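Quick one: structure below, then a few questions.
To keep things simple, chains are lettered A, B, C and D as they appear, and every chain counts its residues starting from 1.
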Amino acid sequence: MDALGTDWAIDWVRRSAAVVGEHRAELSGLDRAIGDGDHGENLDRGFRAVVAKLDEATPDTPGAVLKLVATTLISTVGGASGPLLGTAYLKAAQAAGDAPALDAAATVALLAAARDGVVTRGKAEPGDKTMIDAWTPAVEAAQQALDGGADAAAVLQAAADAAERGAEATDPLVARKGRASYLGERAVGHRDPGAQSSAYQLRAAADAAAEG
Amino acid sequence: MDALGTDWAIDWVRRSAAVVGEHRAELSGLDRAIGDGDHGENLDRGFRAVVAKLDEATPDTPGAVLKLVATTLISTVGGASGPLLGTAYLKAAQAAGDAPALDAAATVALLAAARDGVVTRGKAEPGDKTMIDAWTPAVEAAQQALDGGADAAAVLQAAADAAERGAEATDPLVARKGRASYLGERAVGHRDPGAQSSAYQLRAAADAAAEG
Amino acid sequence: MKKLIRDPQTVVHDALAGVAAAHAGLLRVQTDPDYVVRADAPVRGKVGIVSGGGSGHEPLHGGFVGWGMLDAAVPGPVFTSPTPDPILEATKAVDGGAGVLHIVKNYTGDVLNFETAADLAQAEDIAVETVVIDDDVAVKDSLYTAGRRGVAGTVLVEKIAGAAAERGDDLAQVAAIARRVNENVRSMGLALTAPVVPHAGVPSFDISDHEVEIGIGIHGEPGRERIEWEPVDGLVGRLLEPILEDLPFTSSDDVLLLVNGMGATPLLELYIAYDAAASVLRERNIQIARSLVGNFVTSLDMAGASITLLRLDDELKALWDAPVETAALRWGR
Amino acid sequence: MKKLIRDPQTVVHDALAGVAAAHAGLLRVQTDPDYVVRADAPVRGKVGIVSGGGSGHEPLHGGFVGWGMLDAAVPGPVFTSPTPDPILEATKAVDGGAGVLHIVKNYTGDVLNFETAADLAQAEDIAVETVVIDDDVAVKDSLYTAGRRGVAGTVLVEKIAGAAAERGDDLAQVAAIARRVNENVRSMGLALTAPVVPHAGVPSFDISDHEVEIGIGIHGEPGRERIEWEPVDGLVGRLLEPILEDLPFTSSDDVLLLVNGMGATPLLELYIAYDAAASVLRERNIQIARSLVGNFVTSLDMAGASITLLRLDDELKALWDAPVETAALRWGR
């Protein structure tokens, strides 16, 4: 498949919901170590609501799907990750516009818009030990893949791989944003839960493109 | 020694203080099982104060010693055992009067007065699982010993033996007075702390007479 | 044992120093013997009200000293009744010529020590009346036992008797009001954990992660019964049923519902317990006319709660609503 | 996990039902979206004050809704910021035409969700000002971090801003007063145990019987440092020193001293901690002009305490003393 359509977007969202549900306890566990232990709960509550909405609504473009994800996450997740991820999906939706399907370049643009949205709201920089540390390498790897002539699915594959490495790379960091920043040196050795959940969502996007 | 003088009374009190100190944790442990866990603390606080008073004052009759014990326990122990044991010693002191020494009959009278004092204040009957279950058999055994011609030391020996048996006999009882009464059947199988501490005090009296 | 204390032997003394400093305008703390007394005591012509008992139940009793409630509180060592001396001194300190009411929770130790103090006060020509509080339905009452314990209902007696004294009732009238409250109030409590008494350093009883003690007192005594944990409605029902049956409370009664925390149970849970209790009362058509939710009669750091119902009449309502100004209960001033 | 709850998923909802029933004259509880609002809201011409955040800190914020304090409180799930919808609805419900102040504790989630709600309210022509509270000196502040947390000082901001709104200050003035309080208030806390979040069912961190977490937040986050337990004076010193140095508080300052319990620490211990803190302040010739001791900003069933100092001027004193009538803080009415 070369361009990613509405089915892909819906599949992405359902896969994200599934993977978040599966890893709920793990994500809350990561958050318990350096935050307040609710990240899995928060996202699971949000993505369940998203799936419930999807069962009712019939969004007909990738952008419409992502808009639904954005507004639902914003109104159900709360915490830090609700507005931040919500903004990511909102900006992604705006980047996708009304297009019925997204080619490789549009996919990179979507990822970049999402990342920029999180940065604008959360003011985090790479290395601050936040979800940005998954999104930023993902965007960069996606751009490189695009530059190398990859199709949309391969772009997402590259993004997902990079996001996973980015999440892992948060382990040794001291946090400068979010609750983990209160811990100082004690955050070292723990993975950032938001980076990990972002990597899961990007892997879901890639899998939906590859297998969908 | 046939009659028990002031030295005996002082020795009794010091031995009581020592034995209560030694068994403080045990008595509080008994009280934790069926009461509020402070009986050892309460009596230890009281008898330490008694010893401190004795170091200053120079009571010159057994009655004066017992009066000092009574008022000090009443003003330092608190709880149920403070006024009850305080009354016991107060009535014992009144029974001893101004006599410089107590013969066997006076010793029995002293024990009976102490027991009656506790009953008057606390309204407990034998078998209610209280200190009375140590004092009552003690008084009866003392009377029997007296009837059999025992001297004062032997009277106390008999009283102490009976008090110990009486304390042991509280194990299977349901309590009808004191905090243990709130437990119903759950008090069964536990010794009454006040009966146990009373047995210790009577043993101290007998030892003081035997060895003093 | 980890506690915010200096030394297990000085906890009451150290806490009283804090109380004195934190509430200087409201009360004075006397030491040796120790008691807490209203800043303006004795109030001439007003009946004085003294309560007390072992410490560890804070804010009871010191938190209720002030205008419209207690004139003095006498704290014993943790969970141990005070001796007669401080009770006597507190009684003398609050006698404004109209006599003094002793509000005593029904525990052998409290009753006996207050009794002695009352005798001594009367010997010094102070009129003393005593009202013994025994609201705990977990304990079977009988002539042949120590009878029911006094628990959270005590705070309602103290508030209402305090208002009666403040409006100028004489000693017999204040005592009669206090007795009327006691006759119309019933309580029962449960524990999820045991308290750790500072000088003991270990929990007062062992209890596992899935057990609940029903019918506990406020001194770390075990309860009458141990059950498996169940959701709040079941637990509250086990407290409320015996309460409702006992008085009995009946349809169209007006009541005050007090959900009292034992010390370590968060307010979030107390409000859930309140909701559970209110549902039961609604079903029975019993009107909750007044409410109180919080930690009032505690047992150190025990987790758990008690439920108290007081049947109200118009006079009791008015006395409840009357202004009060204490560290732990305050309105209208 | 033993708690007085029905279901970990419904704790906030169930507690709100209890709050609604227990304080019917004072407030209303709206559901879907959930918020707590003053019974007489909106008050025409008065600046409305809304606060909120994750639940589990009770009585914060719902316990401070009422005359002279908050107009509405927006409770999120336990330890999780509410979403913008209920914040927006609460803002609309309390706007009496004079605009609305948002009092927001400085956590990324609270700040972002309140920000979105404020944008939406402004889009509906409601003037909104936001004051972010960041009183926790345990956290190093910097332009490059999330900054300090908002903790127990929040209750002082809410009381004083509430009094300013009640006396008729306009939105800019109320916001300025709130900022002035925030600028003059500093806090720090410690934990002896970790809270158990209902849906997690296990303690938020592991801590042994002889350890203390210093510099904790109010969401079961671990603190900055773990030490061996020591007696109260040492522990209080570790909280008070960074507070005193930070503002800094200096000789002859007038302060309000708040000793706040984290939920499971008994009042007896809080008064001992108060005594320890008061001794330090006395030595430094800092005057305790006002005091507050109790559980105000909690962390579920966490044992521990925090210390808060607010430097007072005459206006802040007068606003602190002004009447207030809420479930958890009440005087003068």
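Convention: contacts are C-beta pairs under 8 Å (C-beta built on N, C-alpha and C of every residue); 3 or more make two chains touch, one makes a residue touch a chain.
In this text, all values refer to a predicted model and were calculated from it rather than measured experimentally.
Under the touch definition stated at the top, chain A and chain C share these contacting partners: D.
Chain centres were defined as the mean of their Cα atoms; on that basis the chain farthest from chain C turns out to be A. Chain A and chain D have Cα centroids lying 32 Å from one another. Chain B and chain D have CA centres that are 55 Å apart.
Between chain C and chain D the centroid-to-centroid distance comes to 29 Å (mean Cα coordinates, whole Å). Mean C-alpha position of chain A lies 76 Å from that of chain B. Looking at chain A, no residue sits in touch with two or more other chains. Within chain D, no positions touching two or more other chains are listed. Contacts between chains trace an open chain of neighbours here, each touching only the next in line.
Those chain pairs judged to touch are A-D, B-C, C-D. Those residues of chain C that touch chain D in the complex are listed here as 1-7, 11-12, 14-19, 21-23, 55-56, 58-59, 63, 78, 192-193, 209-212, 229, 231-233, 235-236, 259, 263-276, 278, 288, 291, 293, 295, 298, 300-301, 303, 305, 325, 327, 330-333. Residues 28, 32, 34-38, 41-42, 45, 74-84, 121-122, 125, 176-179, 181-184, 186 of chain A are the ones touching chain D in the complex. Interface residues of chain D, counted against chain A in their complex, comprise 54, 76-85, 107-109, 112-113, 115-116, 138-140, 144-146, 149, 197, 199-200, 204-205, 215, 217, 219-222, 224.
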